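Below, chain A partners chain B and then partners chain C, in two separate complexes.
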Partner chain A sequence: MLKQTTAVTLLNLRSIPQRWGMSLTTVLSIALVVGVLLGFMAMASGFRATVDGAGSDDVAIMLRGGAMAEMNSNISRDEVRLLEVAPGIAASPEGEPLISSELYVVADGIRRASQTPANLALRGLGLHGPDMRPQFDLVEGRMFEPGSAELVVGESVQREFEGFALGDSVRLGNNNWTVVGVFSTGGSVFDSEIWTELGVVQNLYQRGSSVQTVRARLTSPDAIEALREYVENEPRLNLEVLSERAYFARSAGGTTNLIMFLGWPLAIAMAIGALAGAWNAMYASVDARTRELATLRAIGFGGFPAFIAAMVEAIVLAFFGGLVGAVATWILFDGVSASTLGSGFTQIVFAFAVTPDAVVQGVILAMIVGFLGGFVPAMRAARIPLLAVHAD
Partner chain B sequence: MNDATLVRKNLFRKRLRAVLLMISILIAFLIYGMLGAMQNAFSMGTEGAAQDRLVTVNRINFTVALPYAYWGRIQQVEGVRTVAPASWFGGYYQEPQNFVQSFAVDPESYIEAYPELVFQEDQRLAFIEGRTCAAVGQALATQYGWTVGERIPLMSNIWQQQDGSQAWELDICAIFDDADGTYPTNYLMLHYEYFNESLLFGRDSFHWIAITTEDTSQNDRISREIDELFANSPAETSTTTEAAFNAAFMEQFGNIGLILTWVIGAAFATILMIVGTTMVMAVNERTREIAVLKTLGFTAPRIFRMVLWEALLLSFIGGLIGLGLAALAAQGASAALAGFLPSFGLTWTNALTAIAFMVALGLITGILPAWNAMRVRISEALGKV
Partner chain C sequence: MNATSPLYELKDLSKRYTRGKETVTIFDALDMTINTGDFIAIMGPSGSGKTTLLNLLGGIDRPSSGEVLFEGQRIDNLSQGKLAKWRAANAGFIFQFYNLMPTLTAAQNVELPLLLTSLSGKARKDRVKTALEIVGMGERARHRPGQLSGGQQQRVAIARAIVADPKVLLADEPTGDLDRTTADEILETLQLLNAEMGKTIIMVTHDPAAASHAKRELHLNKGRFEEKGKA
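The block that comes next holds the complex of A and B.
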């Protein structure tokens, strides 16, 4: 039985080149299905990686209760003072609490790809701002001087938007700024931002002494409980305390879900279309070999080997289709930079990421298409009557 | 038996194969129709009245506010008919996840600037009169099951009142619809005065100002004059047509059009290959029959036409069913997504483009087999064993 099955399967696979037109169609159509699925998944996981990568467990972020997003939040100078003495916050070598009051405003940048304006975050931070981003690294130039209209820009901003080269003079809002440095935070959302000193933003944008958020470096991830308890028991504070990771996970959800909700149904719809194609191709393959299969039956081969052989053919073709789709998507899309409007109402630059996990899912989808598409034709192959030997 | 019958019989001679091909084609047109409808939702508000209306926002960015006084000053620019200021309210209902698109407006000027909104006369007057009144779009009212006369607390995720509360109590006085289904009705309007008087911060400012003019050919001049009016002030303005403003905003989400084009391209490439190779194969199988037809006196052009018609028929059956399903599905999806996207559906342009695609698909997949069929040589074909 095993010998028979192997023999018929090999016979089948070796004859694929004789039917190359239909076989190639099957491979390519399945490749396109997998390509569409992986394209969407790469977009979703790239976006997620960028936003999630920004969140750290030992940084706490505090917003006004109910604000949900930094942009809507508002914290007064008095509240910041109360937070400076809160428990659970790490201290700098000089003994100051490691907290950073921050305020961002929206500025227009010109996208390189489309030459259209898009919202960029211009963030003012405190002295300890960079300490809140563990992967912060000044790639070029120097940090901004407090009190002067100087900017350090994220690497992603420089890549996607025009006019942010080191030394450039930039007009944002009603003011001229000078780019004095370029920073990286390892591809996180902060790379899509422009930073300057907090006081400068408060001044130039008439924000008085209020800020939007306060970030604090915790002594340990568990210390957030102590901080939260302090904030809840202090009647003068109406703030929500979150770990930065939890904050970013919450704000990434919407966009990634939207992409996935669009991607999967599309891929499944296309898979049904390709399924019909694969079914057809397998039918043609079985039809073309009716005589051959009947002859095998006549000389004593069973129906089961014929069934297995046809199934193997279908699945092998589908597998190759999946692989071609995955490789093509990887070559075309992996690392491609794109940007979209994030929950903060500013652009988030991210890179498409074709992950191994997504490739596995894509290939599995391909093989399901192959299996379903091959099943009925394979049954037919198993049931070819002996008299079909005389077919023309 | 005429040619049409022959074409039909040929197409369905292997019924399963024909059905499978139709499913492939159906799926491609379903995807095309759904994505087309979705794109309509995104491009909504970039045509019609929006071409004539002007929008003034802060030049820094539309999220930055404009002073209250601009309302009166813009009114004095020559040729301006109505000036309708508005502010983001950032509303949500009960839970922060239940986002409610909401603006604080001056009701009288807003309704005048947006004549495409349809009100019942008594409700319109009630909305203008009642200080705590809100007017709710039909789509939004359906989503939350709101009816006229109801009182709802609407929370803001941006604003705070002096007493620390973030909820504004609103009476639903009017439910409005749009004149012809091309404008979104998934938002809510409340009185600017009611909103403004209790604000803790950010009082007496607007986020955007919609302007209609006496003569739309003067729009360029009026835009320029408005922006010159506030040049070199702390809040410089940028005035464009509403259509341009909306298009620029959608552009911020990324190149949605390009992504949709890629997907539709992939779907059509798939069926083109599947249908194309199958048609070639189907005609090859019939070589001997075609030779018989030729022997019976069918001319080569006639055979060419018959094969081409077969491909077109296949493409049209699958395509039209797919397009029909897409129209139905778009209606369903539009109802389900009422809170996020304005209502959307297929337009005549979508349908006509789809039909053009069906013709193209039929011709492309039919031409090679038709050519092969036409060139069948009787002696060779019938000589084959």
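The block that comes next holds the complex of A and C.
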């Protein structure tokens, strides 16, 4: 039986080039399905990687209770004072608590690639702001001077948007700013931001003395408990205390889910199309070999080898389709940067990441398409009437 | 088994097709004996049921009623699997359009029936070589059907039909697609297989010249056989 099956399978695979048009269409349609799926998965995992990279365990972020996002939060000067003496917060060498009150507003930028306007986050932060970003590194120029309209810009901003070269004068809102430095936070979301001193944003955007969030460097990740307890027991503070990692995970979860939520149904809809294509191609393949298959049966071969041979053909075509789709996605998308609306309607620049896991899922999807598309035609191959030996 | 013992016995054989409400009877209550070592040509008008009869003898179709006995055993009521085994062991088929696998070489085509046996790869190669030599295609073992003429393809098909050493060869218009000279060569090969190797051959043909190569000619007409004597 094995000899028979192997012989019929090889016979079948060898004849694929005779039906190369149909076979190629099958391969390509399956490749497209896998490509789309992997594209979405790459987007989701790239986004997740960027957002995950942004969150530290030993940085606490405090927002107005129920605010969910920085944009909706509001913390008064008095509340900030109470936080400055909270427990669990690390101190600078000078003995000051490592705290950064932050406020960000939305500014306009022009995306280089598309020449279209897009929102950018302009963040005002305290002097210890950079200490809250463990991978912070000034790659060019210098830091902004407190009190002056000077900007340092994230690497992604400089790469993706126009007019943020060192020394450039930039108009944001109603004011002119000067770019004095470029920073990196190791590819995290902050690389998509523009920073200046908190007081300057409060002044130029008429925000008084209030801020949106307070970030605090913890003495250790566990110290967040002490800080949280302090905030909860202080009646004048109505704030939520989260580790920055937890905060980002919460806001990224939505976007990642949204990407996958769009991606899977689209991939499945296309997979159904590809399935019809594979089905059709396999029917054509079985049809084209009706007389051959009947002849084998007349010689004494069983129907089962014909079934297996057709299934193998379908799965082999699908496997190649999956592989082509995966490789194409890899070549086209892996590492390509894209941007999406982050929480607060600003652009987060992230890189597509085609993970091995996603490739495996894509190839499995392809093979499922091949299996389902090949099954009925393969049954037909097994049941070809012997009298078809006389077919033309 | 001596040369005149019956290889086939057809008993009260009928074949009917139902098309809608209409029933078409191809033959009814047919009785016939075919002896071992015979070379029979079956002739008759188109649609008279020649191919149908050959299908019944080869176990690739079943009668509506009646029995087909091969060496005294009924084959018409065998299960599909048993019938496939019977075909593999006893019958070699030769078709008008050769029915070779276009992607396989001549040798690979001829080897196909041997894949159903327990022969080793080496033994199979030897048998294939011998079969190709018998039909005069020893030099073309590595050619694919597309690289061979019609007559050469039919020779390869004959090699495939005999390679597993079946008792009977069933040929449906084996020369129907060939010119006279090539047809005669093929028919001489069949005569040789009958005379030298004792193969029983049942051949359907339209062509009286082809039929004259056989030992016995049967004319099928309106579901009945008429025997034409042969000198």
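Rule of thumb we're sticking to: the second predicted complex is superposed on the first by the 392 of 392 C-alpha atoms of A that agree within 3 Å, B and C clash if a C-alpha of one lies under 4 Å from a C-alpha of the other, contacts with A are read in each partner's own complex, and residues count from 1 in each chain.
The criterion applied here is as follows: contacts are C-beta pairs under 8 Å (C-beta built on N, C-alpha and C of every residue); 3 or more make two chains touch, one makes a residue touch a chain.
Everything numeric here is computed off the predicted structure, so don't read it as measured data.
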Which of chain B and chain C A:Pro221 touches, first, second, both or neither: neither
Which of chain B and chain C A:Asp108 touches, first, second, both or neither: first
Partner chain(s) touched by A:Gly141 [first = chain B, second = chain C, both, neither]: neither
Per-residue touch tally on chain A - higher for chain B or for chain C: B
Which of chain B and chain C A:Phe301 touches, first, second, both or neither: second
First (chain B), second (chain C), both or neither touched by A:Gln18: second
First (chain B), second (chain C), both or neither touched by A:Pro97: neither
Of all residues in chain A, those that touch chain B in their complex: 21-22, 25, 28-29, 32-33, 35-36, 39, 64, 66-69, 71-72, 74, 105-108, 113-114, 116-119, 172-174, 205-206, 238, 266, 269-270, 272-274, 276-277, 279-280, 283-284, 338-341, 345, 347
Touching residues (chain side chain B, partner chain A) in the complex: 16-17, 20-21, 23-24, 26-28, 30-31, 59-61, 63-64, 90, 96, 155, 157-158, 160, 164, 166, 201, 234, 236, 248, 251-255, 262-263, 266-267, 269-271, 273-274, 276-278, 280-281
Chain C-facing residues of chain A, complex: 3-4, 7, 11, 14-15, 18, 291-292, 295-302, 386-387, 389-390, 392
Residue ranges of chain C in contact with chain A within the complex: 51, 55, 58, 60-61, 81, 84-85, 87-89, 93, 95-97, 99, 101-104, 112-113, 115-116, 160, 172
